[in-house]
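Each in structure tokens, the structures are laid out below.
Same chain, two partners: chain A is paired with chain B first, then with chain C.
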Partner chain A sequence: MSDMILEAPHAGAMPDSAEDPIAAATAVLKQRFPDHIQDETRDGYEGIVVHPDKVVQVSQALRDELGFNYLSSITGVDLIEENKLELVYHTYSINQGGPALVMKVQVDRDNPVLPSLVPVWPGAEYQEREAYDLFGFQFEGHPDLRRILTWDGFHGHPMRKDWKEPFFEEDNKPFGSRWPGGEVSRAEEKNPFGKNVQYPAGWVPTLEEPEAETDSYAGITYTREQSTGLKTDKVTINMGPQHPSTHGVFRMALTLDGETIVGLKPVMGYLHRNHEKIGERNTFIQNIPYTDRLDYISSMSNNHGYVLAVEKLMGVDVPERAEWIRILMVELTRIVNHLWAVGFLLNDLGALQTPMLYFYIERELILDLFESTSGSRMMCNYMRFGGLAYDLPEDVRGTPIMKFLHDLIYDRLPRALEQGDVLMTGNEIVRARGIGVGYLSAEDAIAYSTAGPVLRASGVQYDVRRAQPYSYYEHLDFDVAVRYNGDIYDRYLIRLDEMQQSLRILQQVLPHLQETEGSSIISGKPQYAIRMPRAGESYGRVENPKGELGYYVTAKRRDANPARYHVRSPSFINLTALEKMSLGHKVADVVAILGSIDIVLGEVDR
Partner chain B sequence: MTTTNAGAASPDIAVPDEVQNNVVITNLAKLLDPIYNWSRRNSLWPLGFGLACCAIEMICTASSRFDLSRFGMEVFRASPRQADLMIVSGTVTKKMVPIIVRLYNQIAEPRYVVSMGACASGGGPFKEGYNVVDGVDKFIPVDVYIPGCPPTPQALINGLIALQEKIDQQSIATVPWYRKNDPTAEMIPVPRLGPDLYDMRQVDIIKKEAVKSEAVTEAS
Partner chain C sequence: MYGLGILKGMAVTFKHFVATYMDDIFWASRGGRYYNDEALAVRQSLEGRGVITVFYPEEKLPVPERFRFVPFLVTDEPAPGQKWGHEWCTSCGICAKACPPQCIWIKRGTQPNGRPKPEPEEFYIDIDICMNCGLCAEFCPFDAIKMDHDYELASYDRTTAHIHDKERLSKPISYWREIAPRKAEAEAAARDFAQESKQKKKGKRGEGSDEPEARLEEMKARQLIYKGELY
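Take a look at the complex of A and B:
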């Protein structure tokens, strides 16, 4: 086994097959649209550059004829030197798997108008709203182009390179200004208002600014005339952001006909922490702890996606032991996440706290391992470019590490899962409220760009660990769990299935940990000295517990900071399908449907 | 439970020697404070209110291993009207802070605020973000700050014990919510979202700065 692994291409390399589907599809497109498609000429960049006029047609051809039917991510980029804005689309083929076909569209920075892709891929809706909000792209034909992360009336488009935040110090870290003359100074002291705010020149409050809430309802356009049969009045109600069942500061504006939902608009941004803006000021290494705080329940796997993306740029290899430990941590994270997801889902179905408290004990065991290994229970900040920060500890709360892992993987976790299965799966209430509720068909799941358990519960067997294997996943024996009914109940079951598969993986990892004991866990130069050896872009994606987590990173040569840093966040994009799933159901069902998507607000709003 | 002045003779009142040990001369507040504080400190009901990552540790603290109910604080209420304590557990964003202030105003007095974690206390790792409030204390008064990112459950419990100690020091005679004209007992104006967040209490400064900045733009 280990020989095989030494020969295996490292995570960044692409399989070299004779009929490369990307090259084939590109050739077809170029033939079809000779004047509107150019090759990407920048060194280290990939994909095709499409003229804005033809982007809809090209997308249709990609989706319908060439098999690239899954629009994974849309990234805005500010090319300020060329006075252009660029959108990067990553499209994948669900059936064939493999890497992305990257499509780019460039528009004038002062007049960034281009057609919306929502008619082709409804999953583009919120991603385009985000690009409008943060960069100012104007999407023609978008059904509801409003700000999404900031609020209506916010000044400027914050992700543009020339937009400066109130506490702006310098473009890139490390800041020279942090210790002027050896004295600490606080940013508040330099701001005339004493807090993190700034106003456009000459702006005075009228005291009549609309309350932040009002614009949330602007997207709701339901009228009485649209209803059939008895003409009844519709009621619009608000849920959240302070609401016990929205899993954090999430908010929905619901339109009801009686008790039936006829419209739903999620309102986000209550936890928009400017991850990307801060990420572009940070050095590469400084971003690792920030990725912990995206999906704060699965910090280990967030680290993994980011280090994969940067490792591709750097071209470093990861020692064998480090890869095994990474898989150990990532799969344990998946179990932690799913235990909570199931617990919260049952909580939303009315089993207040009890299932969570059952699972809580095992979760704490895993957190103890994380704490002994990395020093923190939740924010592990554990992975590094080319390896890991620390080796496994000798013991976890007094138990030798291998014994602890063995007990956990062979005894405690299987028992907990079985117990949960026995208590919940056949439960009358879970079945009554789960089966047939919140249905999402396989076609819709793909069209809405959903990922992870939501996609697989709708019968689409797509898992990044199999579709485009990274780390050592291609050498591991596991099945991609899939369920076919696309309702809440299946989304619950699939999480149990995935935990079983994770246990299978973990059991295969254990002997390798034993074998590689004592060998190195990191390669390459000291982390603080990292500068990019080459310019270019890189997209690293992993199968996070919540779905496909992708990092789009671009770098200039010899730079220590990413030029663009974007996160394809599964929680955010999965929410695009929430309205589709909820229409026709009752308010109480929305709570359960939301629970079955399993969102974390740190990742939704970033 | 002890009353501080119990048994000490007051200089103004002559107590005959033979009843010295049976008489307590004190005032009503001093007699009531210990009972009042004791009962309040042991049944603080927190608002079930999670903002970000710190909320996960707050949930862990409430769960079986760390067991917040040892302190009488396990009753997380979904409505501010039923809560005494707001644990600000996570990053306070500009979009969220009007709602936080409103929730704070809705909590019936006596009310306490615990700022959990680096973010709530001062912006934390996200302080420089354009949508982040650099500390919830810029808007609402905070009783206890808990450092950490996230604070461990032990740290949260330690902070809550500190809050209990603070409550022990209070007296009904001086707490702000039974006094007239105490500025800390007033409703806090809800901040609004213009081109950026603005605090209603800062309107004058904003106007002054606007004049200055206009002068600068005209000059250039």
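Take a look at the complex of A and C:
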């Protein structure tokens, strides 16, 4: 591991560790930039408000001197009443862990110009593109400011509060037409080119759009002089969107020198449905089943992050049994996800189907449990604010639940993981293709805001379950798996390690399940219409199998819908580092590098 | 030795191969390798060792009680000669309000005197939009909408066949008891509990004044179900 990562920031700038690090860092910043930093004055909100002119300097101070070196999330917020747009940055300290230092920048809604943070944190690149795409922020100095989730011919910025989609019905659910009159007209019965559809000025839907495609390659530049040996032209090729190795509808525009990659631009958004806009119109509880569909491999942990964020806002407690069952489900989900990820990574490396299908057999057993408990194998919709929807079932396919869990956790899964390890870890082909390929250094892993196994395989021991424990994780004994080489092979190994750690956690959870048998699983009355008791913001983050999953939720007092709902999706942000990992490797390696990041397009495109 | 890793991996594959055929041989004399429910139950479980394929649609795995698919409406047992019984639905609209994709729409019935009738005149679910989340069934205070187990809904005509109307949705309570016996039993117990406390209150306070109280008791009983205490 690089020394720079673990070494504490120099003593001079570092506040007294007994103090609250956030307060101390804020004090230092205020002293340094007295005219450009204000306190957040809104009730229920936290952090500092920075003047747009000094964002870059403040970020540099945060990163280099105060130890907040990890930019986790960038969220745009439309403050339409004040005619402002706000950008919320969540920065964390990798070395110290702990909560976020929240930095906010407010700009004029009609002229939302502010400096880009890409020079400070390269990981801001796609998140800023997203903020531009969905809100219209203009980032000065951004290397490649184009739309990322919507298509190039899209009109307007959909996350702005005054943007209405085609077939717009009402601002918030539930829609008035559903009851008691039952007068529903279906969207498809309306004219698709009706008055409610907007296009950019001068764009005719029936004409082809000649400019849009070339935009994808605009960011890729090269010169002939770079190549050694025979002077040949570079070739730009498309991989995807219909390509089996891209794990869904995902496209990479590759520029090749021979077979060596000299440029890579991911093109995404084929599955974009503006999850966040849907979420802002849903009531709080209606969002839970939608979160299932983000990273559809691990719906249980998606639920968890969202209910944590809303519970923080509502101020409800969770009964003990519910917390233990949540950890049980979330850790089983981690195993499900990693079995899937490893299976597909090996598939990408040429071990076609066999390891994947062996892992599927185990995955099916866990899904049996999910189905018996929540009613669905993948779209679990299991967690509620203040607890869970249902208790554990009596049995899973005829086996009593505790026996099933015991056999699964102590016998079946350890054996399967052991077998999977023997099956492929020592395989010479896997080693040859994995070791040294797709290298990401620890510094880069932090700078590119990567999270989860990708970050930890690069030697950064950062896990939200340890850094900022939620649920009962502080009471559980487990190690944060870490590997130091930052290549494909380590990203494969770290998933095996994490599954072992999950098993350790599960073994500790089982006795608690037995103890709390029969006690309550939800606090208060299950409600379908929740009114938020207070105004405020809340950021709930969990260590999802793919990385840090964060939900930023704000609400007004007595509102039934979130005012802002943002998802920090690990798959999306981890892709920022894809080009860095791939440069200099061959086309066939890109397939494996992408597999080692482990993306799910439902979450990337949102 | 180079290639040892590959050989070790092949040994694992070979073990799976052998285990699968051992299973096949074991079950061949006990009802057959394929289309054997008893064998399927074991080979799909934690005890299963080899690899197995379920031959859908000839073979189907049973779904657990809590399995949820497109909802249906619960009715009383139809009287002889009638198509379906009295709807339990009171068209209160909670399911339509809780529904995340807003795929339920209800036309509330009216009585001859113009007041709302506690029965839906029309009830539609657009199953193209339904996301099978189960929130409607979870929050229905009358146990009138339940999640079905019938997942084979493919049809040739998307536009009309996929909007289920009241006739298509209504199923008798005996069907619910059949597909989810334990759940149905717990719910019936909760209803009885509520009814009982309603009777008690009635004796205490006289008739007519207890309607909201009784509703509250039923909600309390429902809590017990949520907490799993009646399971």
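In this section, the second predicted complex is superposed on the first by the 554 of 606 C-alpha atoms of A that agree within 3 Å, B and C clash if a C-alpha of one lies under 4 Å from a C-alpha of the other, contacts with A are read in each partner's own complex, and residues count from 1 in each chain.
Just so it is clear, a contact is a pair of C-beta atoms (placed from the backbone, for glycine too) under 8 Å apart; a residue touches a chain by one contact, two chains touch by 3 or more.
This structure is a prediction, so every number in the text was calculated from the model and none was measured.
When both complexes are overlaid on chain A, the residue A:Pro289 reaches chain B and chain C alike. In the superposition on chain A, A:Asp407 makes contact with chain C only, while chain B stays out of contact range. In the superposition on chain A, A:Ile522 makes contact with chain C only, not with chain B.
In the superposition on chain A, A:Leu357 contacts both chain B and chain C. In the superposition on chain A, A:Met379 makes contact with both chain B and chain C. In the superposition on chain A, A:Gly536 contacts neither chain B nor chain C. Of the two partner chains, chain C is the only one that A:Arg431 touches; chain B does not reach it. When the two complexes are laid over each other on chain A, chain A has residues 188, 289-290, 293, 357, 361, 364, 379 in contact with both chain B and chain C. Taken in their complex, chain B has these residues touching chain A: 48-53, 55-57, 60, 63-65, 78, 90-91, 93-96, 98-99, 103, 123, 125-134, 138, 149-150, 152, 192-200, 202-203, 205-207, 209-210, 213-214, 216-217. Against chain A, in their complex, chain C makes its touches with residues 2-6, 8-9, 11-13, 16, 41, 44-46, 48, 51, 62-68, 91, 93-94, 96-100, 102, 104-108, 116, 121-122, 124, 126, 131-135, 138-139, 147, 159, 182, 219, 223, 226-229, 231. Listing the residues of chain A that touch chain C in their complex gives 173-175, 177-184, 186, 188, 282, 285-290, 293, 354, 357-358, 361, 364-365, 368, 371-376, 379, 381, 389-394, 396-399, 404, 407-408, 411-412, 419, 422-431, 518-522, 525-526, 528-529. Chain A makes touch with chain B in their complex at residues 149-151, 153-155, 158, 165-169, 187-188, 192-205, 207, 209, 211-212, 241-244, 248-249, 269-274, 277-278, 281, 289-290, 293, 296-297, 356-357, 360-361, 364, 377-379, 601-602.
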